[in-house]
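Below: a set of structures, written as structure tokens.
In what comes next, subunit A is part of two complexes: it sits with subunit B in the first one and with subunit C in the second one.
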Partner chain A sequence: MGSSLTVVRAGASARAEPTGRSVSGTFEQRRRRVGIGFVLPALLVLAAVLGFPIVQSLLLAMQHVRLAAGHMHVRWIGWENYTDLLADDSFVLALANSIFFSLGEVVLVTSIGLGAALLLNHRLGRFGILRVLLIVPWAIAPVANAVLWKWILNANYGVLNAVLKSLGIIDHYVVWLGEPMRALTLLLLVDVWKSVPFIALLFLAGLQRIPRILYRAAVLDGANGWQRFRFVTLPGLRNAITIAVVLQTIWSLRVFDLVFVLTRGGPADGTVLLNFLAYRVTFNFLDIGSGAAIANVIFAMSFLLAILYIRLLQPTKREPAS
Partner chain B sequence: MSALRGRLGARLGPWLCDAGVIVAIGVFVVWSIAPLVWLVLSSILPQLSLIARPPQISPVHWTLDNYVTVIGSAAALGQGMLNSFIVASFTTAVALALGAPAAYALARLSVPRSDAVVLLILATQMLPAIAIAIPLFIVIARFGLIDTRLALIIVYLSFNLPIVIWILRGFFLGIPVGLERAAAVDGAGVIRTFWMIVLPISVPPLCAAVVFAFIESWNEFFFALILTRQNAETVPLVIAAFAGQYQTVFGQMMAAAVISIAPVILLAILSRNHIVRGFAEGMLKG
Partner chain C sequence: MRDDITHLFSRRTLLQGAAGAAAIGGFSGLASRPARAAETALDVFAPLPPDPSPPGAAKFGEAAFAAWQQAHDAKVKYELLAWPQLHDRMATAFASGTSEWDVVYMCAWVPEFIDFIVPYADKLPPSTVADMPVSSFKTVTWDGKRYGAVFTLSLLTLFYNTEHFEIAGLKEPPKTWDDLKRYTKELTRDGRYGWVLDYADSAGIGGTASYWMCFLQQAGGTMYGPDGEPVFNSDAGVAALQMMMDLMKLGTDPGSMSYAGINDATNVLLAGRASMMMNWPYMWKPAQDPKQSKIIGKLGGAILPAGPAGSASIDGTDAWTVTATCKDPALATKLIDFYLSPEVQKRQALDTGWLPIRISVLGDPEVQKALPNASIVLEQAKHPYNSFVTQNYNQITQAIGTEIQKALQGRQSAKQAMANASEQVTQIIKHS
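Then we have the complex of A and B:
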């Protein structure tokens, strides 16, 4: 737990040391009583909504489930659903697609988001209207976004073809979503377009938390622009970057709407991501046990990647010197 | 501030660097806005202009016909907007009512093992929706709540509550302890302090949390796809169905999309400053 908490804690630890520990016992006890009363309702609701489904999902993944005549017939099969997945070509393909998609998304979104945040934090970029630009793509529903891009990428009448042709970049209209790798890459780019704004906002918020005085001190020490970026900006953004990478990993593994609207997994399963595969296996093939197993794989991947990234990005925790 | 500025700046003078920044901003603006411009533009162009090669976009063709047709013919869109509005409003309100006290307690009220609780709450967000969809469906069907707004309101709490708790807890952690001590010295109890002192200074993160939760609920697709049929159908489902059904009537499709996103876009634009501040003061600490 320790290192994961760095994210949770780090920003605040400097300013908000343990609350009122010095205050007398009865006061403290009262606060604790009220505190438990404050937390319980939320926890109970979360447990009620999520508790049973989580347990059930773990159990379903260990069962062979058949739907017949409106009844579920279940048979306990242990880890078979998971081992079957490894031998399943469509799972392996979806896994590869998801890894490509997720890595690409994290790298692109974080770097473009960082660049955008630096621009908007620059003296020439501090206009309210530019922030509106960040807000809008974030607020658009993923489904509406997918519908929009389906139209932009339309092979016969899409504006992307029209623009590229009139610029002379292509000489005939391209079927953008017609070929597996190209379709997956475009899906990735569309999701990057949609995801950059939120991460840029997060970075912008992070940049504004870096005390100005550090930059002045760096200038006095003779630091050039790159050094100021490397030794003041980047460390100052460490928390924001960790949060961005973790969130983006989780979100990229959950992408569903885009695939559902844009390609339905085609062509040739080239854009089937794990989440979509879990949906298809569960609701189209009605193989509920196997679908649950895939879902749990996604959960495990999110969790492990999140922990891995937090460890990688928060190394200073273990060095008392910093 | 950027690497560019340092290296080039030393040799070629700061003006070149400024020019670079302006070009970069320009590229960023075009990249962000071009798809949106096309969204709005194609919603006000007739079909014939859209299927021309290249599309005829001159203002002489502009028309609101697509909107008139969509509003007139697609009753589902209106129903979907209403459903989305009700679901998003209620789930956000409940998430705030339950989440704000919880966030305060987890930040301030020495709840036992509060760090572990926070971690647990955040970990639930790594669960893909599909993992809980089937069991949720079974439970909700048993209660006879399939295709009701109530089901969505409850299910959406599963991601809205954690969002609210996360943003607000981060903010509460940063409030100077002296403020609450002063209130305690003046004889205010914990609940009174929370209500009279803490909440009033928490407007930006509260706004950020509300807007975030509302937008996430308005846009949610997966649970709505599985848990509703027709009565409780929300806007994203209507748009997806519309896009499947009328996928060659491009202008109307875009008009429907514009209508469906307009409310949340407005909300986001109006509250943009609160959102940025709320993120800065809430999320980055939480």
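Then we have the complex of A and C:
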């Protein structure tokens, strides 16, 4: 009751003073102040939970921080950790591996996800069970998923070798994780398997928002299947595809569990990704400063992508009708 | 009627009730406090079985453990973690100052965490120390002080499939490097491999670099000179790696490059798909378990084949240490003394397969009968078994192991690998 009265008063004042500083404006300012007051505790908590670690990580990366012989050795060294990274073969290899991994992941997940979404959107694919089956890989806990694939890819007992051999595709068992490039590619495929469901559902939601009338109009215009996909489906999914690409790139930079469980970065550092390297340098080598520098590189990459993501999510401004 | 109920459970009544309950709770807390204060709690950080775990955590000595707690009016709480995660968990807890442990398992990490633990082992009962191999204190001693007590004699020795040997007409285990190469080649047949090991993980005890350290010592080499600088880029270092590369070509299971833990490689031997490997003593027991093994009664053991300088191994260095923040160091020392008692050591050997460290228990006829490899490990202990533990052991073994892996894949020569590894280790030492 009180709030409705306030609204009425505010509206009346606005009519009485159409120009200059209005009571409505004052109310709006008060409302904003109260709103900020309510939001402030949450902002403070966020600043403490998110801001503090970020600032701390930035500061750590500017120092030589190393746990050795039970002592925490701390010394300010400026940008040295970052410049050292550029000369570090392990970092360069991990960066190259991460770029390969991210590119491969985005291309494969997006294209397979789109294909799956198109199939599920077809009238024959609209059974609920298919969607449940699709979601299974995504629902499996990350470490459980990694352990599952560790056994599938086992050189001696793995089901992959058994199936391929029984089909006559290979004549002897393959050591899937025994060579750097092959192992990295397999890690990529395993992560693609896990990531496709979410992206497929994202695309499916996008597909269902495309008005059916556009397809009917395209048919009436004589468009074939490819042309309908090219000129109706793809433009309709533009936003979903962009968001999927950005999100998948960010997620691929965070991959850790697969490397930790399946290869530990081996063989010969062939599967070390940036995230795993940051972990190894920090917790295995106890070189906390260098580890923070690597983590900050990942953070910077993710942050830039996140900004891009937020910009893409902003609604586009419509041009006023002339 | 509804009003009555509302009245009965009014806010005031509820508050009164809560206050009353709190008062009763507080009173009962006061009443029971003297009884609780007498009981001391010890927090122990240890690996999950099947890695070496204490009584009460692994299935052995449970009754004795309960009796010890009762006798000392103490409650021992275990925090157990899979072995590969122990180091990193400890590093995080110690660095952040959040460790609440009193007794901590260590494996080659004593120099790394030296200021977080105390040299309690100097005060172990003389009778206990006298019953342990002097060399067992080597990896837990720093600046002349003993920071830990190794609780299982864990050296790498040779395990082999006796049935495969018979089929190949091999009468006895390989004694020299030449034997080992010849055997590996001859045993690689019928879809089986002569040799298997886990080479995927470079670092730490049980990593690729640590396996190479066995061959390095067998070749007469060592890791560091008197000045602490690396000296492994030598004829011995190259020969050790060349030996591993030769074995790779002659009949090592190619999957070895992808096995990231000893259990992966052990499974291959226990399935009868490989004929030889070096492994820790615990392997004997699972090899006799029909749920885990297809080679029951077919497992043989021997000391590692001799290189130019003889046989040599590395030490698993599984030890108990007491933290600097320990709530009751005297009680913690007593607990470790209990872990090292002959009764517990015997049950540890018989029930888990992890050999005792006490010489008297190793010589016990019942232990010898149940674990025939005990005498082999004792024999191996007569030869060098240096694990070359240092403050930056993980970083150094990571660097060496990665170069070794490249050589094992044929991407570089043994000489090049040693040169690269030496250069990296020099830099690591320089920057640490």
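Rule of thumb we're sticking to: the second predicted complex is superposed on the first by the 254 of 322 C-alpha atoms of A that agree within 3 Å, B and C clash if a C-alpha of one lies under 4 Å from a C-alpha of the other, contacts with A are read in each partner's own complex, and residues count from 1 in each chain.
Going forward, contacts are C-beta pairs under 8 Å (C-beta built on N, C-alpha and C of every residue); 3 or more make two chains touch, one makes a residue touch a chain.
Small disclaimer: the values here were computed from a predicted structure and weren't measured.
When the shared chain is aligned, subunit C comes close enough to touch A:Leu286, but subunit B does not. In the superposed model, A:Val92 makes contact with neither subunit B nor subunit C. In the superposition on chain A, A:Met181 contacts neither subunit B nor subunit C. By the touch criterion defined above, A:Leu46 reaches subunit B but does not reach subunit C.
By the touch criterion defined above, A:Ala217 lies against neither subunit B nor subunit C after alignment on the C-alpha atoms of chain A. In the superposition on chain A, contact of A:Leu201 is made with subunit B only, not with subunit C. Measured by the number of subunit A residues touched, the leading partner among subunit B and subunit C is B. In the superposition on chain A, A:Val107 contacts neither subunit B nor subunit C. Of the two partner chains placed by superposition, A:Leu312 touches none, neither subunit B nor subunit C. The contact surfaces that subunit B and subunit C form on subunit A in the two complexes overlap at residues 154, 156-157, 283, 288. Per the touch definition, subunit C reaches subunit A in the complex via residues 87-88, 91-92, 94-95, 111-117, 199-203, 253-255, 257-258, 260, 264, 267-268, 271, 273, 391-392, 394-395, 398, 402, 405-406, 409, 411, 432. Residues 66-72, 153-157, 173, 175-180, 183, 262-264, 266-269, 280, 283-288 of subunit A are the ones touching subunit C in the complex. Those residues of subunit B that touch subunit A in the complex are listed here as 1-7, 9-10, 18, 21-22, 24-25, 28-29, 31-33, 35-36, 38-39, 42, 50-51, 53-55, 98-99, 101-102, 104-112, 114-119, 121-136, 138-139, 154-155, 157-158, 161-162, 165, 170, 173-177, 180-181, 184, 189-191, 194, 215, 218-219, 221-222, 225-226, 235-237, 239-240, 243, 247, 250, 253-254, 257, 260-261, 264-265, 267-269, 272, 275-277, 279-280, 283-286. Contact residues of subunit A toward subunit B in the complex are 1, 4-5, 8-9, 11-12, 15-21, 23, 27-28, 30-32, 34-39, 41-43, 45-46, 49-50, 52-54, 56-57, 60, 115-116, 118-119, 121-122, 124-125, 128, 130-144, 147-152, 154, 156-157, 159, 162, 165-166, 193, 197, 201-202, 204-206, 208-209, 215, 224-229, 233, 239-240, 243, 250, 253-254, 256-257, 260-261, 275, 278-279, 282-283, 288, 291-292, 294-296, 298-299, 302-303, 306.
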